[in-house]
Every structure is written in C-alpha cells, then in structure tokens.
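Below are two complexes that have chain A in common, paired first with chain B and then with chain C.
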Partner chain A sequence: MIRRLAALLAALATTPALASTTAPAPLPPPYTAAYQPQGVDEIGLWKEMDEDERVLASSPILIRDEALNAYVRGVLCATVGAARCKAARIYILRTPLFNASMAPNGTMRVFSGLLLRVRSEAELGAVLGHEFGHFEQRHSLAAFKARRSGTDILSWGAVLAGMLPYAQGAYNFQTMQISVYGRLARFSRDQERDADLHGIGYLNGSTLRPQSAAMAWRNVMTEAERAAAARGQAHPRFDRVPYLASHPCDAERAETMAALAIPDGVGRDDGAARYAAALAPWLPQFLDDQIKLNNFGASDYLIGMLGEHGATASLWVARGDLYRARGYPRDLVSAAEFYANAIALDATLPGAQRGLGLSLLKTGRRTEGIEALRRYLQLEPTAPDAAMIGMLIATAGPGQ
Partner chain B sequence: MTMTTIRNATLALVATAALLGSVPAIAHGYREQGKAVAVAASPLTVTPNRDWNQLSGKPGKKAEAWTLDGEQLDQVTFYGGIAPGEPLLREHDKKGKPLPKLTREMLLAEVPELLEATYRTDRAIASFTLLDARPERFLGTDGIRFAYEYVDGDELPRRGEAHAALVKGLLYMATLDAPRLHYFDQVAPAYRALVESATLR
Partner chain C sequence: MKRARVIAAAIGMAALCHQPAAAQEHTAVKAGFTLPANSGKTILVFRPTVRVGAQSTGGIFEPNGDWTDRARANLETALAARQAALGNIVQPAPAAFGEEARLVEEYQALFGALSRAVIEYQFFRGNRLPTKKRENKAGVFDWSMGSGVARLPGARDADYGLFIYDKDAYGSTGRKILQVFAALGPGIAVKSGEHAGYAGLVDLKTGDIVWLNADMAMGGDVRTTEGAHKRIGQLLEDFPGSTAATPPPAGLAK
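The block that comes next holds the complex of A and B.
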C-alpha cells in the first residue's frame, strides 16, 4: 500500500503539461492490431465493456442506416488509418448531445448531436480521432487505477485520522480529500490533452485538413455564447478551469489544436461537400431533435450555420418551429413569415402548412390560418393529429 | 434540574415532535378506491376505481404522481392548473436547461408539442413520436386526448397517453407513462377510469 501511495504521489507530481507544447502533433507510431487486455484490471474492464456492448447492439436508439454507418466509419478510417480503424466498432446513437466516446474494448459511440454540429469530414475526424487517442493510449485503465489509488489513500487516511487523539486529524483529512480529488480531476484533464494531441496527430498524418479541429471547438463556443445570450445570461467563460473540471477549458483546446496542426495541412480538402451530401438524408431529423430541446439561441445558431450557403425549405420550417415554440407574439409573426418562405420554396411540405396555420390562428389571422390548416390535411390526411386539427378548423371559423 | 436543562429538554421535545410530525408529509401516500381526492393541490379531483399509490416528491410545483407497480413501470401524473409562463415539471437546471413554458396563446392542439418538448429537454432524449391526437371531453369541457411513444434515458421504449383541457387559461392534464411492453396495456384501463372520474371542484 505504502509503495503504491508513494508511486501515485510521484506520478501526480510529474504529470506532464501537454498543453504548453506548440510544435505540430507528431504523426502516429506504427500500430499493433488486435491488442488483448493484460492483467486482472484490464481484463475485468474489457469484460464489463463487452457486456455494455452487447446491450448497446440492441439499443432502440441505435441508428442502423447502413449508408450512414459506412460513411462515419470511412471518416474514422481516413483519419486514423486503415489498420487502426479495424479496432473500432462504431455505434451511432440518436442522442441530441455534442459527444462521442470510445470504450477500452473498441466500442465507439457517436451521438447524432455531434453529427448535426460538425460541418466537414475533417471536423468529425478530429472528434473521432480524439476518442481513438483515448483508446490507443488506454486512458480508461490508467484513470481507473488512478481513481482506485486515490480512494485507497482516502480510505486509509480516514482510518488514520480517526485514530488521532486531536481534532486537527479531521481537518488534515479534509485537506487531503480536496487534494486527492483535485489531482484526479487534473489527471483527467491531462488525459484529454493527450487525446487532443493524438487526435491532431492522426489528422496531420491523414489527407484531411487538421486546422478544422480548432474550428469545431470555436463553433461549440459560439453556440454556447448564443444559447446564453438568448436566455439573457452572462457571457460564458471559456478560459477558466474549475478545480474539479474533467476537461481543459474550450478556449485552451481550440488554441492548442490550432497550434498542433501542421501548417502545410491548411491547403488540404476538409471534405465539407462530401459530409453535407452524406448527412443530407438525416439532417432534417437531427435538426428537429435539436429544435425541440428548448434551447433557442443554440438552435437558431445551428440553423444559421446549416443555411450558410442558402436556406432550404426544411431549414425555414425548422426556424418556424423554433420561433413558434418560444411563442412570444413577435415570434409568432416571425414564424408565420418563415413558414411562408418554406412554402414559397416547396408548397408540398405538410409541416410548413401546419405551422403556418397555427401561427396565423394565434396572431388573429383566422381565415388564412384555416386555409393553411386545410392544405395541411389535404397534404397529409393520415397525420397523427388530423382529428385534432380537423376540430380546430371546425371551431375556429371566422367570426368566432 | 436547572432552568437551562428544562429549556433544552423542551426544545429537544419540540424538535422531535416537529420531525415526527413531518414524516407523513415525506412518505408515499395511499389513495383508496371510491374516495374522491383533490390532486396536485388544485381543484382537479379524481375518484379512483381501485387503490393507487401516491408518490412523494412532486415531479413539478403543480404536479402529482401516482403509480400501481412503481414509477419505473407505470406512472400517472396529474398537472393541476399550469398557468402561462410556468413549466410542467420542476426545472432541475434552471440556468443550463430551462424547460419550455406554457404560453398564453398556446392552442389545445399544441399541448402535445409542449409535453414533447418538456420530455425531450428534461431527459435529453431525441426519440419521441406523437402517435395520435384527437378531441375528447375532459373535465366536462372540450379537451384533447393524445398518445405518444418515446425511448427514455434508460433506453426502455415507453408509451404514453394524455388527456388535457384548458380551463380559464390554465392547463389541466393527466398522463400515463409506462413501458410499451406489457405494462402500458395493463395499466391503461385503470388510468382511463381515473380520467373519466376527473372533475374540477
């Protein structure tokens, strides 16, 4: 125990500060495929992950679309190389959050919220490469061992502090607790920095543009700013690291990633056009999942970003839905305008007619509203809410 | 015994009594068959046709939850008079994840969208589908009845049914949420009996 304690303290004291590096991230070393877990800890960890994966494979929120799965796998392979990507099994989950993860046994989870937010193959590759970096460096195992050592120290500390005949013991124990938890959080942050380093390393060695990684983080920060601004909250701080934060601050990550990218890579293709084409069939659903989350600022920003090269009818409907859901009287007027824009581009979208009808009804333009709702029912007579909208048409007639 | 000791003893007794007195308030309740009871501290009153458990810990300021087999397996939630500007459920993270609020202009046909956005935001889920929405009398007035399906954070597909009405600008609603497999169909008749018995007093 004492030996382990001493080793942990030594390890914590010499944790390298990776963020300070400014040289481009090195290219990845040769890779040994089909790694097998070593020792009781790692074998145990893998067994747990294998069980998790079994459950995951039959998850009801798993997106099984072959084309999308093959595409995301292709982006991972393009980033980390063909040899490495064989180690990963990708599961795309319909979860509206910006995240991905990779378990020690090679299970990679990709959330639909991530696919909605990144704009190019290079940005997606940066996130997937980061997760792959955690996997290749076996961070989960190291984190598990660090947590176990830390909690061991605390358990023994509690016993020893209880044996002391004076009150100072309890105070010293509290100090030790704060110190151990703080060190564990820092350990986690350093692992994240290490994964960033590896993620950019993979991109540097690929044919994709490594500078896009920093772009993805800048977009995430802008989204958080817009979300806070729309709620009337203070500008979020991206340059502070709370004591127990598990990740470095976003500003630091964006800066580090920019510095780690090889300068020659700036002229490479980022695969934005291919990404947009591959995501096109899923984008309306992913966007709808985002809009219904009651995060006006973030959703409005994402719609704007998606419509950079010209708004489509479905983007206008999304913006209309967003404004109608917030529902201030001014929002309803705007929503009606957005739905009308969508209809001008495509008059056969049932959602646009429904949204237009409801927005007009609520702003006092009943006759026009009812006409739009009638068109909605003509376009989609078997809509789930057809009976309800039918009643609305019957009762909200002019003069009532 | 000095005066201080007596005072301390009295204080201790009062504190104990206060603690004991508060026990029933935090325990789960029991709703007996045939006895009319007001729910969600509101005029919404139901008369159960069988015994129900009432869960302690309100899901929202103006909400109350009942169950037969435990909240994971079936949960009936009553919303008693949600006013414009109020959310349906308690906001766990008011700053980071505020819930959608009822608005003054909201139409009855949009109530399913309010419940959907509330569930999606509260549980950070993406899979929610409205199956059906039709007019149906509730609380003696024009209301809406709707059915939906979603996959909760525990990745269990659930089905839901709701009845709602807007009375004097306030939203009254009852919902049943239960796993789609077995439990929903098993509990639905008891839930519908509750809805039929519901009145405003």
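The block that comes next holds the complex of A and C.
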C-alpha cells in the first residue's frame, strides 16, 4: 500500500519535459532601483534578514579578500546590469558545497563550493542571476505567505478531524497533510523554475554566453555520477524528483536552461579565461576544503575537470592529497607519484614536499621521505606543523 | 502488606505528578558568587537580541519590524531606568569594528548556545548531563565561556558583561480563535503566543557565567513602555547586587 502510494506520488511529482517547446527567456523588464519593503510581512522579513546580515558580516567563514569579492560582484553586474546589481550585497562564504542563496533584503550568499565548480563567468552569472531573480520577484515573501496559509489550513484541519468519530478523521487529516506539504514543495519548485527563467533572461540581455548555464548543471550531474560510482552506489536519477523536493530535477533544469538561451548568444564570450585567472589564487584552498569532504569520486572529477587544459603544480598536489587522504597502500604509491609531478613543475611548493615525504615514509622509502620533509621545513620553517614534522624526521622508524 | 504497597504506589504517583512543577528552575548563581550592592563594579551590556512578531494560526513566527523596533527601544529605556536599582555601574558595550566586531559576534553566539545548554541540561533537573554528575549532585552551577572573553572590546575596563535575549510571538486573532475552537471541540490544548527571554552575567576576566535567568513564559508586553519595564524587571529578577528588586506577581504574567 505504502509502496503503491509512493509510486503514485512520484508519478504526480514528475513534470513533463518542457524543454522542447520553450521559447528563449525574455529580456529583463525596466528596473526600479532602491526597492523598499511594503506591508507588515515584508517589512518584518527584511528586518529579520537585516539582523542576520549583521551577524553574517562578522562571520568567521566569510572570505574578505577584496579582489575576489570585487570580481564576483563584477560578474553579477555584467549579468543583471549596473542598476540591478546595486541592490545586492554579496557575501562569499567558505563552504565547500555547490550553492548560493538570496535573502529578501538583498543579501546574497555565495558558497566557495560554487566558485570551485563553475568554469566561466557565464556559468557563475547564470547562478547569480537565478538568485537575483528570486530577489526581484520577491519569492521569499510569497513562499512565507504560502507556508503560512498551508499551516493555517492544516491546523484547522487537525481541529475538525479531531471532532470526527472513529479513525476516519485521522485518515482524512493525513491525506490533507500529504496534499498540503506536496503543494508547498511544488510551489517552491515553481519558484525555482521562475528564477531560472529570470536568470537566463538576464544572461540573454548581457554580453555573456547564455548557453553556458546548462553546462554548469550537466557538470553537476556528472559529478554526482562519479561520486556514486566511487562509492559503488546505484546510478543517481536526474529525471525525477522526490515528492517533497524543493528544486526541479537537474536534468530538467539543464534542458530548460539550454532551451531558454537565445540562439544568437552562442557566439559570445563566456569569460572562462578571466574566471580561471581570478580564481587561481583561491583554488588550492577551495580544493583542500573539497578534499576534506571525503567524497573521492566528486573530488577526483573536479580536479580532473580543472586540469582539462593541462594540470598545474597545485592541481597535482590536490590530487596527491586526495589519494593520500583515502590512504590505501596503492593510493600512497599514486600520491607519491602525483607529488613528484607537482615538484617537477614547481620545486618550491612546500605542500608538495610535505605530501611526498609523508607518502614515502608510509610506503617504506624512509631515506627519500626524510629528504622531502627536510626540504619542506627549509621552504616553510614557520609552518604550524614544523615541530611535529621535525620529530618525524628525528624518529621515523623503518617505515610502514 | 497489600495496603502498604498501594500507598507506596500512590506516593510514587504523587511524586511523579508533582515533579514537573518543581523540576524546572529558571535562575542560577555560580557557587560562592556574591555581588554586594553599590560595590562599584562596572557591567557592560552587549546589544540585546530582540525578535518580536506574531504567531500565525498554524503556529509559525511572523516577524514584525515595527514591533521589533519599538520593543528594542522600550527595552533599552527600561534597562537604563533600572540601572540605578541594580546598584552598580551599568553601561553599553562600546561600538566594535573589524576583528573586534567579529569577536563580539562570536561571543554573542557562544552565550546563546551556552544558555540554551544550561536551560536544557541544568534547569531541567531530570536532564542534567552525566558528564557534570558530581556538580549536579551538589547542585553546583558551573558553566564558563572561557577566559577569551577578556579580549572583548571594553572588557579591560569592566568587571562583568550582561547578555540579553528576547523573543516574543503574540498569538494572532486566528490563533486565538483556533485555541478556543480546539478547546471546545475536540478538547485539544493549543498554545497561543511565545514569550521567551534570558539574561546572563559573565565574569569578563574568567568567562564564568556567574548568574543566569531564563524564562520561557514571560510577562509584560514589550511593545509598550510599561510592559517593557515589567519585562526587564522579570528578566533581571534576582540580579546579583540589585537593591530594589520588585518582581511583579507571577499570576499577572501575560
């Protein structure tokens, strides 16, 4: 019974693919700057978000690098236009997940995991434009009102059901609950579709290539496939969503975005080279955070994708760290090789010498390992782990 | 024999029924801590966390910007008016920027987490943490934020820090109607409104929480001047070193 119900709900939740019939997203309408909240609900929400923003501005995970902040802001402005981008305040958070969010008062949170995953200004612009779409369409307010009416209906339902005799009341109430929560989830998915439409609309009206938006979603799906494969899990499904999903499925989003992009835009620049240059100083840090998520398949895929046009020394170090963190004996042999590749490109990277030394020690090549660790301490005598590494050099046994 | 067992069972039941009323404490002072009135100590007040709104029919919090603004202003005025009665020098914490502002924010968050832990694991007797068993047996209140508080801006020239949290959700008309119908119809008890507040005094040298008062059902309408005075009075009830504590009768709360 439950299984049949679940199947029915899954079928209801799947939406027909609309990609083939979708027209390109319209260009953004004229914009009124400095919007102020109206009505009790909106003013109340903004007030809460203003308090949140006060805390956010002092957050220890905020990335305060001026160059990176100015660059991300520049991409938002290039996407939504100079008038609109004044309404948003961007906060880059050191969180290794693919996400961004927008509060109704114009607070935009961008996760470092998003910056690690997108490959060009156009892809980043698509996500930032999507978030700006939520803001311009006042989605948070509408979602709050929907949630409030939904829970209002449910509480009256609970009272009335309590007055019905036998089990009928409880059964009816359960059905009602499933339907109300289902509607709220669908409402949220529709808002996301609307934000996607606006995001691509901004890109269509910009100088960036709107076709790139779909790329970001295809890459996300590939990453999920690799993650599942490395763990020996079943192939993930991208063509349908769970009943209570807040977002449409990835395949639908990729297809819709591709269809929403204006065909003339295909010849435009996507800003991939500028993006790579702006992110370069932060890549080692973002990769390190990603590796610590202990998701081998996904991290390996991301490192591979970043090195598509030739691996750099820091990418070799990242791959070495990834293998060394998993730490099977065969991984340590591979890790030593990756660190050696990094050193061949740049012999002054302390992280490469450290990783090489530690991997070699564990695979029984003690003398070479200690040499590498010595080079590490020479390159970075004030490293936080200098004392510990010094002790390893002095006392390292016969390895393994 | 049988009769004795029945009586024992009855007493057991009575004890069980009685427990909840006595179990929840809402104020505590660190063992051995005294702050005599007019001892000339300086107390820094950090920016209070204030959230005021309505409770919808379904029970979700509906933030209200106007009420929050009014409540913040009212509470600040009421606190200032009460300073003299607290018997010490009470002054607002200095404005902080950059790294210092981050530090203040972190300690505000830490105080919030710690107070919630105290309410959950100390004030509910039955919930006391096993790792703090020995102190629990002796009824000792021993919680600390760590000596890092000494780095807070203004901490060098002060002795104690006062943190205040307040959240009010006033039951909407819809919620009240639901409450009546639920009670009359199926006999379900629906709670209307939420009025929680806590205030804590921290030693700015050691970081120890020397006094904490937490009440999840407070009185006084913070949207009005008189209500805010009553609320501050309740929040700072039993405040160490206060000279003219006049807590309002508990029955009149709400």
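Just so we're on the same page, the second predicted complex is superposed on the first by the 374 of 400 C-alpha atoms of A that agree within 3 Å, B and C clash if a C-alpha of one lies under 4 Å from a C-alpha of the other, contacts with A are read in each partner's own complex, and residues count from 1 in each chain.
Just so it is clear, a residue touches a chain if its C-beta (ideal position, glycine included) is under 8 Å from a C-beta of that chain, and two chains touch if they have at least 3 such contacts.
Because the structure is a prediction, the values reported are computed rather than measured.
> Assess the superposed three-chain arrangement around chain A: do chain B and chain C clash, or do they fit?
clash
> Is A:Thr151 in contact with chain B, with chain C, with both, or with neither (first, second, both, neither)?
Touch status of A:Thr151: second partner only.
> Looking at the overlay, what does A:Leu27 touch: chain B (first), chain C (second), both, or neither?
Neither partner.
> Once chain A of both complexes is superposed, is A:Ala170 in touch with chain B (first), chain C (second), both, or neither?
Touch status of A:Ala170: no partner.
> After lining up the shared chain so the two structures overlap, which partner does A:Pro60 touch, if you call chain B first and chain C second: first, second, both or neither?
Both partners, chain B and chain C.
> Counting only touches as set out at the top, which of chain B and chain C does A:Ala70 meet: first, second, both, neither?
Touch partners of A:Ala70: none, neither chain B nor chain C.
> With both complexes superposed on chain A, which partner does A:Glu48 reach: first (chain B), second (chain C), both or neither?
second
> What is the shared patch of chain A, the residues that chain B and chain C both contact?
Overlap of chain B and chain C footprints on chain A: residues 55, 59-60.
> Can you list the chain A residues touching chain C in their complex?
Within the complex, chain A touches chain C at residues 37, 40-41, 43-48, 51, 55, 57-60, 147-148, 150-156, 158-160, 162-163.
> Residue numbers of chain A touching chain B in their complex, please.
For chain A paired with chain B, touching residues are 55, 59-61, 94-97, 112-113, 231, 233, 286, 289, 292-295, 325, 327-329, 332, 358, 361-362, 384-385, 387-389, 391-392, 395.
> Which bits of chain C are touching chain A when the two form their complex?
Interface residues on the chain C side: 49, 51, 53, 56-60, 62-66, 68-69, 101-102, 104-106, 109, 174, 178, 181-182, 185-188, 190.
> For the complex, which residues does chain B have touching chain A?
Within the complex, chain B contacts chain A at residues 95, 97-100, 103, 105-110, 112-113, 116-117, 120-121, 124-128, 130-135, 142, 144, 146, 151, 155, 157.
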